[in-house]
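Both complexes shown next keep chain A, but they swap its partner, so chain B is in the first and chain C is in the second.
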Partner chain A sequence: MSVVVGGDGAGKSTLLRALVGLVPLSSGISRRPSKEEIGYVPATAGLYTDLTVEENLAFSGGAYGVVGSELAHRSTELLERIGLANARARLGGQLSGGMRRKLAVAMALLHRPALLVLDEPTTGVDPVSRSELWRLISAAAAGGTAVVATTTYVDEAHRASTVTLLEQGRSISTGAPSEIVAAVAGKLGVVRSTAQPQGLSWRWGSSWRVWSPTDVLPEGAEPLQPGFEDAVIIACLADEQEVQPVGRAR
Partner chain B sequence: MWAMIVKEFRQLKRDRRTLAMLVVLPVLLLVIFGYAAKFEVSNIPTIVVGPQAEQVASQLQGPFQVVEVDPGAGKSFVESRLRDGKAVVGLVTGQRPLLALMDGTQLFAAQAAEGAFAHMARAAEASGVTPPAVTVQILFDPKLMSSWIMIPGLTGLILLFIGTLITSLGIVRERQSGTIEQLAVMPFRPWDVIFGKIVPYLLLASLDLTVIVGVGMLLFGVPFVGSVATFGLGALLFLLVTLGMGVLISTVSQNQGQAIQLAIMFVVPQVLMSGLIFPISSMAEAVRWIAYVLPLSWYIEISRGVMLKDTPVAALWEPLVVLAGMAVVVLGLAMLRFRRDLAPSARHGRVTAAQPEPVSP
Partner chain C sequence: MAVLAETRGVAKHFGALSAVDSVDLAVSSGEVVGLLGSNGAGKTTLIRLLLGLLRPSGGETLLFGALPSMSTRRRVGYVPQTLGLYDDMTVQENWTFTAAAFGSARPALPESVRGSKDELVGSLPLGLQRRVAFAVAFSHNPELLVLDEPTSGVGPLSRARLWQDIRDSAEHGTGVLVSTHNMEEAEQCDRLVVMVDGRVAAEGAVADVIGSRTVVQVTCDDWRRAFAVLDADGLVVQVQGELLRVPGSPRQVEDLLAGHDLPAAVATVPANLEEAFVSVVSRGPRP
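After this line comes the complex of A and B, so read on.
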């Protein structure tokens, strides 16, 4: 499972759209399986609001050749997994935001794709639904489906085997979460005060995190081992400061 | 309220198409319809047959425009020429009184011809000459019922609305809701999507057509004397043009509002300039060509011909070929434009298909 993390306008959706062929490439190569083996959920919609849950699944099944008893079996299996087994006859437009995203992912998974491409599947979704969605995606990945997803939530990227940090259309760091942590250059510290400390700092609960590209921390900062979320923020700061990461991540 | 007014103007300024429609279109429509919206018929295509054909033809004046003179032919020849739409009035000489056959489906031309005969008689009497006696016989729509003329044309108008307006909205809705992106990633070919979109409307429109023709026959007594197959062929070709136009409009519209505007710009001129209401022959030469590029003009020729006159398919080859050509062009363009939405990656860059290993999630 690969997760692409980046802020708004970083180019996450464009990257995925280029991967599935919706954006023409000006240069480079996009390697992907045939259309029959891709499942794609765009950042918007992903389903028909004027079709019922069951009709949406039937359309998706029909498009990929999943019909008859196989469709019935697979629909039931997925609807039970996403908690919509009792909402088969409900219109897509009557579902909550979280339910819609879950149904859209289920539609993309119906034909057991080799590659599942999800554009911000959890944006605007409540924490419980987010967790359910990731369970569904992880199960598909565990079953052998390659998953590429984008997110703005750093904590979600932690689940991935590969994380790509995207900034202004460029990859600033790629690797396993542990590699991204190991690649942190400079020093991280914590400052327990309400006033913002000098240097490159960001709020962390009631205290401040402060990062120095050199090995010297500002006065009053206690050294700290960076976690994954720290590493992601530091990678972005280091990119701004043009500091080279260390280790295997690049 | 001021804030609302300013916001509305700012939005309007960015929506160039609406702005153009508000400013340019009324002027354009006024100029065109000023020349096109006329009931007066100044030219009535006329054929003259029978022994005195040459003599009578030489005496005929405007609005009669002699298009054919055949001294050897008779009444049946005139009937067949009128049925095929080659003339509106046919004079059969060699008998007293003269027999004037008229094509009643050309309502205004037939009325103008009746008026012209009466005028000629009065003018002859005034100059002390005995006017030639003329017996008028109106064919195909003997009572000159306007409903008989309108209903075959209205069937086309309804097909036009379904084909163009509803189809264009259907596809734009996919674009607005973002589902068109998913369709593009799904294993559909562009024509799967296009035909998948238009076939349901094609079937619905066919059902509608049957109902309208049935109601027209039952309620208004409109005859259907021609071949159902020829009528069906004409309607199918016309529907393909209108459905293709709907797809084409949707490919150049970003939202339903734009699609409706464009569809209206396509539909309104057809209502006024296709011969549905105002006869094409009455239009000024400068704008008459517009009527010939509108598909409804050709469909009306087929529907009126088949329903009211039993015009044979051989005499309708021209409108049928024109509609077929329009269908090919419009659907081809729609397909090309739609491909850009559905397969943009096919145009640029390199794409290689990976060979995935079997999976079983």
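After this line comes the complex of A and C, so read on.
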């Protein structure tokens, strides 16, 4: 599972579209399995609101050549997984946001793709639906499907074996979460005061975190072992300030 | 610290549906309170009751010690998830308009957004739009701020900076109520209130909400097969890189995996906030 983390406008959707071949590249290369072996769910669509749950699955199945008894079997299996087995006749538009996302992912999984590409599958989804969605996605990964998903939630990157941090169209750090943490150079400190400390600092709860690209922390800062969230902010800060020592974990 | 906003046994029924049911909530000066809950748990209804946009079916709501009214509204800043800005007006125009609506003096635009004062709000990147919405909501020096998913969609650095604004105003005595699905955001709050089916199901600091909840962490060379085995048994397995995290007893997990000839290291570790939240929600409202 690879997760791409970035804010609005970082280039996440374009990156996925380049990966699946929906946009021509200005340079570089993009390699992927053939179209029939990809399942792709864009951020804003993925199902038809005026088709029923069953019709959505049948349409998607038809597009990928999953028909007849195979479609029936696979649909039942996936609907049970996502808790929609008793809602086959419900219109897509009548489903809650979380349910829609789950159905869209199920539609993309129907043909057992080799590569599953998901654009912000969990944005705006509540935590319970979110963990159910990740369980569905993880099950596909456990079954051998390669997964690429984007997110604006840094904590979701913990789930990935590879994380790519995207800012303004550029990858500013890539690696396993532990490698991104290990790549932090300089020193991180915590300052428990209301006044903003000198240097590169940000709020964390009621205290401040301060990062120094050198080994010297400002006065009053207690050294702190960076966690993954800290490492991500440090990578962003280093990139923004054009400070050299931190960067690519790989 | 003075209590700014308070609900006492507040309830709201829509026909047979009880959207909010005997909720006690208090937000004091200088504190940041996080309101968590699944979609439909009653968060938005509670906020609307607190702002006086809905009349309670039972109990009462007090804003600054009085019933919500136009005069208490002046003392509240509210940033909805949709931001509530006018896309086709500039930053300066939005600012001036809000100041006029609140009848407040016209302070200068804060430095954080001054650079974009003549740009149309709709043309700005989302992180900056959020900063403008914050600046506008803060412009009349509200004593209470109500923020709905304040950092939704923004990148890590923009998120940290928006929280800087939130913390700054809390330090100046503002009480802040943040409604969110985002656990990173929830972890920044001083206190959390978790709603399930219209009631408060858990509350306290992050550590109180997590309590003594634990999950079982599984390290297995073949994590894929281990996932399939646990998942097929109905356990809600979550993947973290190549580690698995499952609620339940370590013994049960170990036996299941051993039954499939999967040697695994199993350890009990503290749950994270998301896992605790899922556990609170699945157990339903407290008696």
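The rule we apply is simple: the second predicted complex is superposed on the first by the 243 of 250 C-alpha atoms of A that agree within 3 Å, B and C clash if a C-alpha of one lies under 4 Å from a C-alpha of the other, contacts with A are read in each partner's own complex, and residues count from 1 in each chain.
Here is the rule we use: a contact is a pair of C-beta atoms (placed from the backbone, for glycine too) under 8 Å apart; a residue touches a chain by one contact, two chains touch by 3 or more.
Just so you know, these numbers come straight off a predicted model, no measurement behind them.
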If we overlay the two complexes on their shared chain A, which of chain B and chain C does A:W202 touch? Say first, second, both or neither.
second
Using the touch definition from the top, say if A:A10 reaches chain B (first), chain C (second), both or neither.
second
Where does A:Y40 make contact in the superposed view: on chain B (first), on chain C (second), on both, or on neither?
first
Chain B versus chain C as contact partner of A:G124, first or second or both or neither
second
According to the stated criteria, A:R112 is in contact with first (chain B), second (chain C), both, or neither; which is it?
first
Just chain B (first), just chain C (second), both, or neither: which does A:A139 touch?
both
One more residue to check, A:G68. First (chain B), second (chain C), both or neither?
neither
Under the contact rule defined above, give the chain A residues that sit at the interface with chain B and also at the interface with chain C.
139, 142-144
Using the touch rule from the top, collect the residues of chain B that touch chain A in their complex.
177-179, 181-182, 184-188, 343-361
Report the residues of chain A in contact with chain C in the complex, numbered from low to high.
1, 5-10, 96-98, 123-132, 134-135, 138-139, 141-144, 152-155, 158-161, 165, 167, 176-178, 194, 202-206, 229, 232-233, 236-237, 240
Which positions of chain C touch chain A when the two form their complex?
36-40, 125-127, 152-161, 163-164, 167, 171, 181-184, 187-190, 223-225, 227-228, 231, 236-242, 274-275, 277-278, 281-282
Please give the residue numbers of chain A that touch chain B in the complex, ascending.
17-18, 20-38, 40-49, 63-64, 109, 112-115, 117, 139-140, 142-146
